[in-house]
Structures are given as C-alpha cells and as structure tokens.
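Below: one structure in structure tokens.
Chain nomenclature is as follows: A, B, C and D, assigned in order of appearance, with residue numbering initiated at 1 for each chain independently.
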Amino acid sequence: MTSAIVLGGSRGIGKAISESLKDIEIDVFATSKKDIDTSDLDSVRKFLKKHTQTDILILNTGGPPPKQFLDITEDDWKLYHNQLFLGFCTILQNIKINDDGYIFLISSNVIKEPNEKLIISSAYRAAFSEVFKILSKNYAEKNINCINIAPGPINTDRTKELIENVKEFEKSLPMKRLGEPEEIGNFIKGIIENNVKYLSGVTINFDGANSNYVF
Amino acid sequence: MTSAIVLGGSRGIGKAISESLKDIEIDVFATSKKDIDTSDLDSVRKFLKKHTQTDILILNTGGPPPKQFLDITEDDWKLYHNQLFLGFCTILQNIKINDDGYIFLISSNVIKEPNEKLIISSAYRAAFSEVFKILSKNYAEKNINCINIAPGPINTDRTKELIENVKEFEKSLPMKRLGEPEEIGNFIKGIIENNVKYLSGVTINFDGANSNYVF
Amino acid sequence: MTSAIVLGGSRGIGKAISESLKDIEIDVFATSKKDIDTSDLDSVRKFLKKHTQTDILILNTGGPPPKQFLDITEDDWKLYHNQLFLGFCTILQNIKINDDGYIFLISSNVIKEPNEKLIISSAYRAAFSEVFKILSKNYAEKNINCINIAPGPINTDRTKELIENVKEFEKSLPMKRLGEPEEIGNFIKGIIENNVKYLSGVTINFDGANSNYVF
Amino acid sequence: MTSAIVLGGSRGIGKAISESLKDIEIDVFATSKKDIDTSDLDSVRKFLKKHTQTDILILNTGGPPPKQFLDITEDDWKLYHNQLFLGFCTILQNIKINDDGYIFLISSNVIKEPNEKLIISSAYRAAFSEVFKILSKNYAEKNINCINIAPGPINTDRTKELIENVKEFEKSLPMKRLGEPEEIGNFIKGIIENNVKYLSGVTINFDGANSNYVF
C-alpha cells in the first residue's frame, strides 16, 4: 500500500490534500504541529527518528504573520528560516523517499511575484524552491518526482486573516473567487492516480490566472 | 456529453491526449491535417465554419524542421508564423469555448530556454504563449481554464528526427528516458476528471526535471 | 571612428539614444521612416543594400495602437509581425556587425508581464527576444554584445497616447514619474564608453521598479 | 562629495568596483573582513554603529565552498544564512541610504539557474533577491535605485577554486573567456556617472551570454 506523509495536514491546504489522497486508497499520515513543527529542528529530528521513509511526501507549512521589513527581528528571521527552509532541508536530508515516489512542495506564488506584506515568506519559500529544483535532478534517477505548487489566493483561514475584505478582494480576481483547497488536493490526486511521472522539477502557479508574469 | 477538439490529434502527443480524453467518456474530435492545417488560414477558417464551439480545445501542432537562422527564408517565417501563431489566434478569435471549459496549449520548453536548432519554434511558440496568458484572464470570467503545457523531450517521431542518437541522448536526461506522450495525456485527463478549475494562466514545464531555470 | 545605426532614431527613445551616442563621438545614422520602415520588408531590403555593416546597431521601433484581441485583423497581425519581428530578423540576417560591436534591442516590459491592451506588441516583441537570446551566443564569438532593454513607462509621445491621465498614472508608479528617454540613452552610452563587454544575452527591465516579477 | 561603502571591497569583484568608483571621484570605503563580516551579526551591528549612512552601498560577499546537499550541516546553513542573507537584511534595516543614492547587490546567476555545487549560495542569494526586489519599490520613493547584478563566471580567485581546469572551461563559454571584475566595476561606474535613475528593481545577468533562460 502506498504511504504518504502530509505536513501541516490537519487544516487548510494540507488537510484537503490528505483527504484527496485517502480517496485513492493511500495510507496518509496527516501531521499536526504536535507530530512535527518545522520551525523547531528538534521536533523535526524527533519526527525523523520515527518516520524514516515514505512513498509520497507533501512539504507544507503555514506562513508568518505579515510584518513590515523594518519591524522584523533577528528572532523572526531565524524562526521562519527554520519553518520555511531549514526544517524542510533537514527532512529531505534524512528521510528516504521510496523509488517511484512523489514529493510535492506547497510554496506560494509570492516566490515569483514577491509581496511586501509577505516578505519573510517570499524570501524563504524562494530559497527552498531553489534547493528543491536542484534536488529534482537527483531524485529523477530514482523516478521520484519533485513538483512545486505555488498557490495564489486560496480559501483558507490564513487568507481570511491576511485579506481585510475577502468579498471585495474576490471581485478583483480573474475568476471572481478564491481557489478551494480541494482543487489543489484533487490536482495532486490526478497526478498520482494517473501515474504522471515525467512532470518534475517544475513550479506550477495555482492561482486562477491571477499572476501577471508570462511564465 | 462533454466535447473536445484535439488539433494534431492523429499522432504523437495529440493522439495520446485524444485517447486519454476518450477514457473519461469525452466526445473527442481528433483532427488530422485533412480537417485543419493551422499553417493555412483558409483551412482554419473553413474548419471554423463547421466547428463553432467546444467544451475542451487542445491547441497542438508540430514544429518546423531545424534550420540555421541565416538559412531561414521569408517564406519559412511566414509559414510557421501561420502554423504556430496566427492559426491559433484565428481559432480563438472565432470559436466559442463553452462555459466551464478548458483550453490546453501544447507548446514546448524552448519558450523558456530557446534553442538554436529550434529558433522558429522558440519564437512563435513564445509569441502565442504571451497571447494565451493575456486571454487566460478573460476566459477566467467564464470559468474556462487556459493551461500551457511546455513539453521537453517526449518520445515522438519528431524527437527521433531531431535527435541523432536517442539512446545516447536519454542517458543525459535526469530520468534517463524520454517522456511518453501518454503521460501528457494522462496529466490532462487528471485535471479534467478531477474538475481542477483554479489552475489557469500557468505554463507547466513537462520535461522530467531537465530544464535548468529555477521556475 | 565608431559607427552606429539607430532605427527609429528621429524621435522618442531612439532619438535620445542617438544623441547620447553622439556625445561620445560616435558616427550615428539615426534613421527615420523614410530611410527604413521595418513594417515593409522591401524598405528593409533596400536599406540593407546601402548599409551593409555597422559597429553598433540599435533595433528600435514603435508599437501598434492598442486593440482588443477580437478586433485584430489578419492584416494587423501581418503588419506588426513585419514591424516588430520579421524586419529585425531580416536585418540581422543581412547586416554585418563588426567585431567588438554592440546590438541593443529596445523591446518592452510587456514581454515579461504581457498587457491586454498591447497584445500584439507583447507577442511579437517576445518572439524577437527569443531570437535575440539565441543569436547572442553566436555573436559572442566575435565579441559582439546583444543587450535587450525592456522599458517600462517612458516619457514619449506614445505613452501619452496610451495613458489617458499621465499625471494620475505617474502617482501610481514607484518613482512617481515616467522614465526619461535620455536615461536609456545614457545607460547605453555608459556601457559603450566603459567598454563593458561581458554583458550579453541579457534582458534588462528599465522601468523604475515598476514590474512585480522577481527577476 | 559622494560616498560609497563597498562590502568585500578588498578583493575580486568588490575591489574592482571600488576602483571604478574612485575613478569618478567617489569617496569609497572598501571594507575587508576586519571591518565587517556579514556572517557574524555582531560584527555587522558594530559596523553599523560607526557607519550610519552612505550615498552608495554595494552589497557583496563571497560564497560558501561547494558542498553536497547531504553533507551540509545545520551550522553550515546558519553560517551562510547570516553571510548571504541576514547580514544584508540587518544592514538595510539600519543604514540610511541618502536620497538619490544607489544600492547594488552582487548576487550570482545561480539565483536563476541554480547549481548543485552551489546549493547554499543558490538558496540564500535568491532569498535576498526577493527582499531586494520588494524594497526597491520603497526605495524608489526617495529616488534610490536597487540594482541586482547576477554575475556568471568571473575571473576571481573563487572561480579558480571552483573550476578545475579554467582554460578548458573557458572554451565552453560563448565568449571563450571569463568575465573580468573590472567589467562589472565599469558597468556600475557607467550607471552612476551618467545618473541613470530609472533602472531599479531589476536583476541583470552579467555572464557573457552564458545563461540559457530567455529573460
């Protein structure tokens, strides 16, 4: 039976992915902060002692609260450096992804079009996207896919915190609505259930035609 | 019943997409050059008189033979301007995509990492990718998705023509093999059968981790 | 003495470049539409009979009037295909750039962030940028630089035509003003007078921090 | 008199920039590791107590030695997180750039085409490029330019350490040679002496046509 670990699997996009994978009979471990907190490297290492391999790994974590550049403290940088970058690196350095497996990174469209309010997230998610791109070439030899999904505005608690007037904001979007977490879950499900293996080393905007950069 | 028009549907990637769509009970019209030849605008207009609407449209066409820049004639430019750009524009100006539909463009990864041998293809496929990106915002209002798939080395007759020693070439690829047309077909199938609608205005490298650009 | 041909050199950005080059004792031929009209291939070929070589070439031309996608005719596409793409290709196929020379392309930031109003320009300027990138590798062998400058909102007659209320628009820009054509001219002057030769195959946004894409 | 602080100004690219700026009568403080070590935040903060403002700032630092992903330790990540990212952030949070000034970031072309051997550098230089892009919009209000120069293979001690056979490597480059640090210095000089102010928020490949990505 195929196994999956979904980080941040107890809510939002992570939860939706977990449910989509369960739909196709995958044995999903949807982690919550109690299981692994990527902002705390001790927690990460502890998790990796018990969880040494998986077929599918979903690298997913929430982002920091919005903060002006001048107000970001050294502790803020270091905390989110762990949460958005170093925790993920530590996981990939230590976990075995089984041959023919998949790794999905849930990043954010701010990696391409960075956002002042989300400056920490823009920086560290971009940093990890570089690492992930490089590693995709190594994982390819074992037929393991690395797929970076960069969501735009998705209907999660976080978006509701970040956006003051969601109804008004939605009118400004090309699709006149936020994306649903389930759409990301189902997209991933479609890739896995159809055994799409040549899709790797790729960053996929998932933003309802909202971004402006041509590629 | 859902209908699809697959341009260049009689061989290669187009054929594979047609078969994947038939798998999910879509009524597919897989065109051959007899039905529509995008390099000939009269043929395009004739086709559009009979085929005025569809739910799903796959914009797909072969590329020109490799040619050195200095050897490309005005006629070459104009022929492939029609085939790779103007034919597709004419179609989108005239065909009705039904609400909640999908348009997939099969371009090439040369749009991001252009290739001397494929200079004509690099140019005009990039040009159409710009148009497609712009239109994705308009189509979004009718819940129609525009998804640009940019394949890398795929196991088609064309690749065999372009690459001298395919076996040797495959060893240089991260996955040690060409991609299969069926993988693209199945990827598209996965999107449609799972009703993934927030994925639009996006260019998706489909190249087995072969490209080097980070995004 | 160093020679330069500046296409579209009688006004706007082209004129400013011409003047900047004259400042550093370059023998500039600033062409007007009477000398060469890149939308007319016969005019291009006639020009190339008389002008067979240069040290510096500035590929520069105005863009089409804004037009909705559905209103663009086959003749429109073909006219601007010539003006923005095929004329430039024909020139590069036929003119000799002397060793250690420079070719500057004045494109537009719409090649990265395409614009509905400027759909024709977005498409064909991107197409030529692909060709230019490819050729940069060949020209490099003769120490000839290919530099693609992609201007944002510049204070030209054209911008005043495109933007309804320029004063209001300027307030929305990061620098609270349009760029001046002279800034582009002086930028190019600085590269040439300082003999900067390793800068090639590059696209340089020139937009006063206005674009949003990270690179 | 115009003042400049050039980080890492005692050797390589930093030294060349310092000398180019001195050429145009700028009062340059070319720092060495004794003055400020961006990998040590205490050193950074000490520096910032004495140096509270400047007209021109050059953010420049060496990169880490090549290391395989699996061999990178937590200490390595943290050291270079400081050196390539957090040190620069701390500087920009605390130093005053005088109105009409310039900030140049010397990053690397690995931010666009990441490199397995330079995985740490690819990650953190990309992260800081995101921050720099965001800040360019704020600095624009004070007519301060943020210009990210992304060098390719430059003739420095570092390149000689990274590349085994430099002579052989040079043959593989489009220009058949490494770039010279002076070319970067002179490029920057040309921008400043010509008062080019509308060039901001831009990443400029400086790699002799070596990169393959179209933009």
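The rule is simple: a residue touches a chain if its C-beta (ideal position, glycine included) is under 8 Å from a C-beta of that chain, and two chains touch if they have at least 3 such contacts.
All values derive from a computational prediction rather than experimental measurement.
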Mutual neighbours - chains that touch chain B and chain C alike: A, D
Graph separation of chain B and chain D (steps between touching chains): 1
Relative orientation of copies chain A and chain C, as a Cα rotation angle in degrees, nearest 5: 180
Cα-centroid distance, chain A relative to chain C, in whole angstrom: 40
Approximate Å spacing (C-alpha centroids) for the pair chain C, chain D: 28
Per-residue multi-chain contacts in chain C, two or more chains: 111-112, 114, 122, 126, 129-130, 133, 137, 214
Contact graph of the chains (line, ring, star, complete, other): complete
Footprint of chain A on chain B - complex, ascending: 111-112, 129-130, 133, 136-137, 139-141, 143, 146, 152, 154, 174-176, 179-180, 183-184, 186-187, 189-191, 193-211, 214-215
In the complex, chain C residues that touch chain A: 111-114, 122, 126, 212-214
Chain B to chain C touching residues, read off their complex: 41, 69-70, 72, 74, 77-78, 81, 85-86, 89-90, 92-93, 110-111, 114-116, 119, 122-124, 126-131, 133-135, 137-138
